[in-house]
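The structure that follows is given in the form of structure tokens.
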């Protein structure tokens, strides 16, 4: 599957002028999020969205598909298997797009820092514009982070998508290292039953062994 | 509560099994791996119709795997653990999907996580792990910490051909 | 202008057809195209010579003077003109369609059929009309059953229903002659209209017999079953002709005889319901039921040609409803919709034929995404379905609007509601066909499919233009109607080149097209002002983050096409849609039993043949002796 | 400046007016929903921000049919908006309701075509639902309109609007009460709000037709909904709520219609597709039929 929506053009350094400033105003006031419920953090979002904290005040709202969304929320730990889907979804999103990592897991692995299926640094695989520390962050912290992100968008600092385009090779290499690696990391495992023997064959072999 | 089944098991399979009462409503039966199939088929006729799960334990000091079949009876309200030991070097076990069809994914998972082979199971492909090349991860001789540090730490990811600001930004994140 | 031109219109295609029976297949198709050019030329030469008559009178079996009278009437010329324009496009289409691989032997019969068609539209005596009608039935049977078993079965089915109608019509003609002593159509129409005051039941019987004949031909309820078999199984290029032109013979018959009879009937002789005589009101409901059946069946059909055949049934229903209003507006609406349907259904079938020509598939769910490889065919189909759904600014809207105006005029609001139901349902099946065949995922099997060949594309482009023109300038077609209306004693309708006036409003096709163009322009500018877009692969879709290839899902499995409207199927479960088919099946079984009885009397087949011949001889001899 | 250019200019004004009004209604509707759920809700101009932002984003297209369809969709609906009288005023003079009903369809057809061309089955399922639902709401709606045509012997919307300009008592809501109930039920389905939001169903088929729309395509999708609101609330106001003499009364009445819809939307759950159509046929259909029979016999 070729990823046609990643187009590697030279990144023009867009200066902040009146038009980009205006565009950034609209972008910050209307952030539609794709909250990919990768982990535990999804439970903190309903209170953020509903009447207690009311995210819609800020013009934010959930969207159904990555095509429509501006903001990708990585809520909590991210397993390798999910990572593939998250990258797929991120690449389907349209620019400008922002990524927010929830909790400690996307920052450094959190309590899963030594677990084999969970990645430790989200920053290595996709550009993260804003990280929220905590396990899990409370809705207040989430709203706070969104407001900070809005400031950064207005100032033209939240340019993770440009970084992704510019350093696509590096990100791609890291992704491949985890997702498409060809060799074992520690000890290669040789399946003794790779030839898929039947039970009768195995038993015959065992009785042979015991005779010897 | 389980006296009835305990006695019947003793009388019918006495020479092949060892029974132990672990807990009210919980009975442990240890047996040889070639006898598990017979025992489970018999238990199924004795109203133990529900196979709840198959679990696997790595007894690394004894160089053995232990398979535990959890069966349950809705009539006697009893839980029976059928336990058997496998050789850790060549771990294989008869598939029981002829007795319980839904044992298939349980066996598939044990195959993936421990490397126990189930001849007769039609699908032993990977279920959870993505592109796994190492030892099966639930074995005790597999070190997840080393694995995680070797694969997921930022050190392993090269910084050539990148501009300095970006390297700065990335390496600041490194936690050591 | 010599009257022999009229004879030429009938004899020339028949003669060429007979000659080309001896020619190779490919050559006969070129001859076919050539004949159509000649026919079109003659027809347009006859434009201003209304009233031109060719008559042949002779005596047969001393039953009195038999007259074979051909004449140009306003109505006949209109039908001749639209059918010959459509035919020449279909024949151009057929030239490329019948290449070495696909050629059928239909061309000679088709030529004879064109002669018969011209005969039907020119006949002014019932004998000539009947001869032409029979010739048409036989040749079309031969084309539909073009040497394939399912096609032959469909042809037999078509012929059986058609035969029933023809017999009814023959009985009607004999009764008519018996009463009036004339074969002339115009004369008998006047007589039978007058008879409604004096011999009411006789007049009613005769009209009913004719009506049955025409309803059977036009596939109105309860004869709505045959198009879905005949149209679907006929050669693909012939389906366009079958659906565009042949289904209109019945409409022509109704417009020629049945409707004028009721229009000329003195007032007060019949019970009036909703402003129309009650038989007309019954016809309205028959047509409305036909359109509902056609629509509902089309919604749940998976075979694309069968779907469009049901759509034709539904459209004939609209035309029947329009005719039944028995007013000048309704009559004009029926003619207008006939002309439009001829073009848009012709282009839909042409597009489907092009698809079948390139892919060889007829089941819709196996296709998909062909718009990206066959853009001209797609545009033809798209404009065809826009016209068929009655969306402005294409031709279908104007005629549908006129039908509604005619219904509003007579306050037939319940019929109008039913018609509106089928008109909305038309959306469902037309979009389904559009999506399943032309949009969605393109199967790898068809990735290298090419656009239809040049002549096919060219004829499709002309069909597209012919759909646009009556939509933007309705007057190009409606301008012919006032003469036709006057010849049957209807009041003229108000129409100019751009606009039409109905009973409750008037519309201006040009204005609608212009404001639509303006709106599209505004949106297009907005579209250009937005940030740039880039093209992605067809399978690069939102799939909940999964790569379809991981699940072995290719474009074919990712195409939503099979059983498209499954969720709403339960809503139509109560409709006894198969009832008529069951009735026919019972009839067929009884006939088969009777046939077995006859064959059991004569021991083997050869003797049966002799029995048949002897029986015929006895009938003739007794007829002559008498 | 000749007359045609002036008309074109006026129509362009109407096009942008319709879009703006629809977007304003959408923003207000979101506030209404929020207040019912005891939230504060977004500012009233939120929908404008959303649409402008959509136009500043990059977008994807799968093929030329998608572009063609999406442009045809909004074009068709804007063309429909030209035919809806606003405060007793119609630039084009005539505004036959039959044209409005059929011209609206070209918008839906364009939308359907554009999103089907994306090749996503979710989009097509959404469209198949929308078309099926159309079979449900169009029939009652048309029956009520036919009752009016019977009374006035005219299918011009302006005629209906002018006939109701004689005070509160002359409103059609009192003349055709059953018809008004039928149309209100059908209207809920026409604008695709709950309980008839089968087409969008975000949790079920990933927002249906909108699934592959991004950037300006999505922006056009929002504008489509905005113009649809303008056309459909305008229809209801002209048909039942007495039209309006002044532009602000017209806007207030249009919003009142939408307000009712949003209130119902906020408290209802979704029907299943065939339940929805059955509900429309049974309830809206029977009210409309009663109205039509009444008008045909005694009206």
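Letters A, B, C and D name the chains as they come in the text, with residue numbers starting at 1 for each one.
Rule of thumb we're sticking to: a contact is a pair of C-beta atoms (placed from the backbone, for glycine too) under 8 Å apart; a residue touches a chain by one contact, two chains touch by 3 or more.
From a predicted model like this one, the values you see are computed outputs, not experimental measurements.
Listed here as common contacts of subunit B and subunit D: A.
Chain D has the C-alpha centroid lying closest to the overall centroid of all protein C-alpha atoms shown. By count of C-beta pairs in contact, C-D exceeds the other of the chain pairs C-D and A-D.
Work out the mean CA point of subunit C and of subunit D, and you get 36 Å between them. Rounded to whole angstrom units, the spacing between the C-alpha centres of subunit B and subunit C is 70. For this pair, subunit A with subunit D, the centres built from the Cα atoms lie 39 Å apart.
One simple way to say how far apart two chains are is to compare their mean CA positions; for subunit A and subunit B this gives 31 Å.
Within subunit C, contacts with two or more other chains are made by residues 534-537, 539-540, 542, 544. For subunit D, residues touching at least two other chains, in rising order: 56-60, 206, 211-212, 215.
Chain contacts: subunit A has residues 5, 65, 67, 84 touching two or more partner chains. Touching chain pairs in this entry, ordered by label, are A-B, A-C, A-D, C-D. Within the complex, the subunit C residues that touch subunit D are 369, 371-372, 375, 378, 382, 386, 389-392, 397, 400-401, 404, 408, 411, 413-414, 416-417, 420-421, 424-425, 427-428, 431-432, 434-435, 439-441, 503-508, 511-512, 515-516, 518-524, 526-527, 529-542, 544, 555, 558-560, 564-565, 567-568, 570-571. Interface residues of subunit D, counted against subunit C in their complex, comprise 8, 11-12, 15, 54-65, 67, 70-72, 74-79, 82-83, 92, 94, 96, 98-99, 102-103, 105-106, 108-109, 112-113, 116-122, 124-125, 127-129, 131-132, 134-135, 138-139, 142-143, 146-147, 149-150, 153-156, 206, 211-212, 215-217, 219-220, 272-274, 277-278, 292, 296. Interface of subunit B with subunit A (complex): residues 34, 90, 92, 94-95, 115, 117, 119-120, 128-131, 133-137, 142-154, 156-159, 161-162, 166, 170, 173, 175. Chain contact summary for the complex, subunit C toward subunit A: residues 534-537, 539-540, 542, 544-547, 549.
Interface of subunit A with subunit D (complex): residues 5, 23, 26-27, 29-30, 32, 50-51, 54, 56-59, 62-65, 67-68, 70, 94-96.
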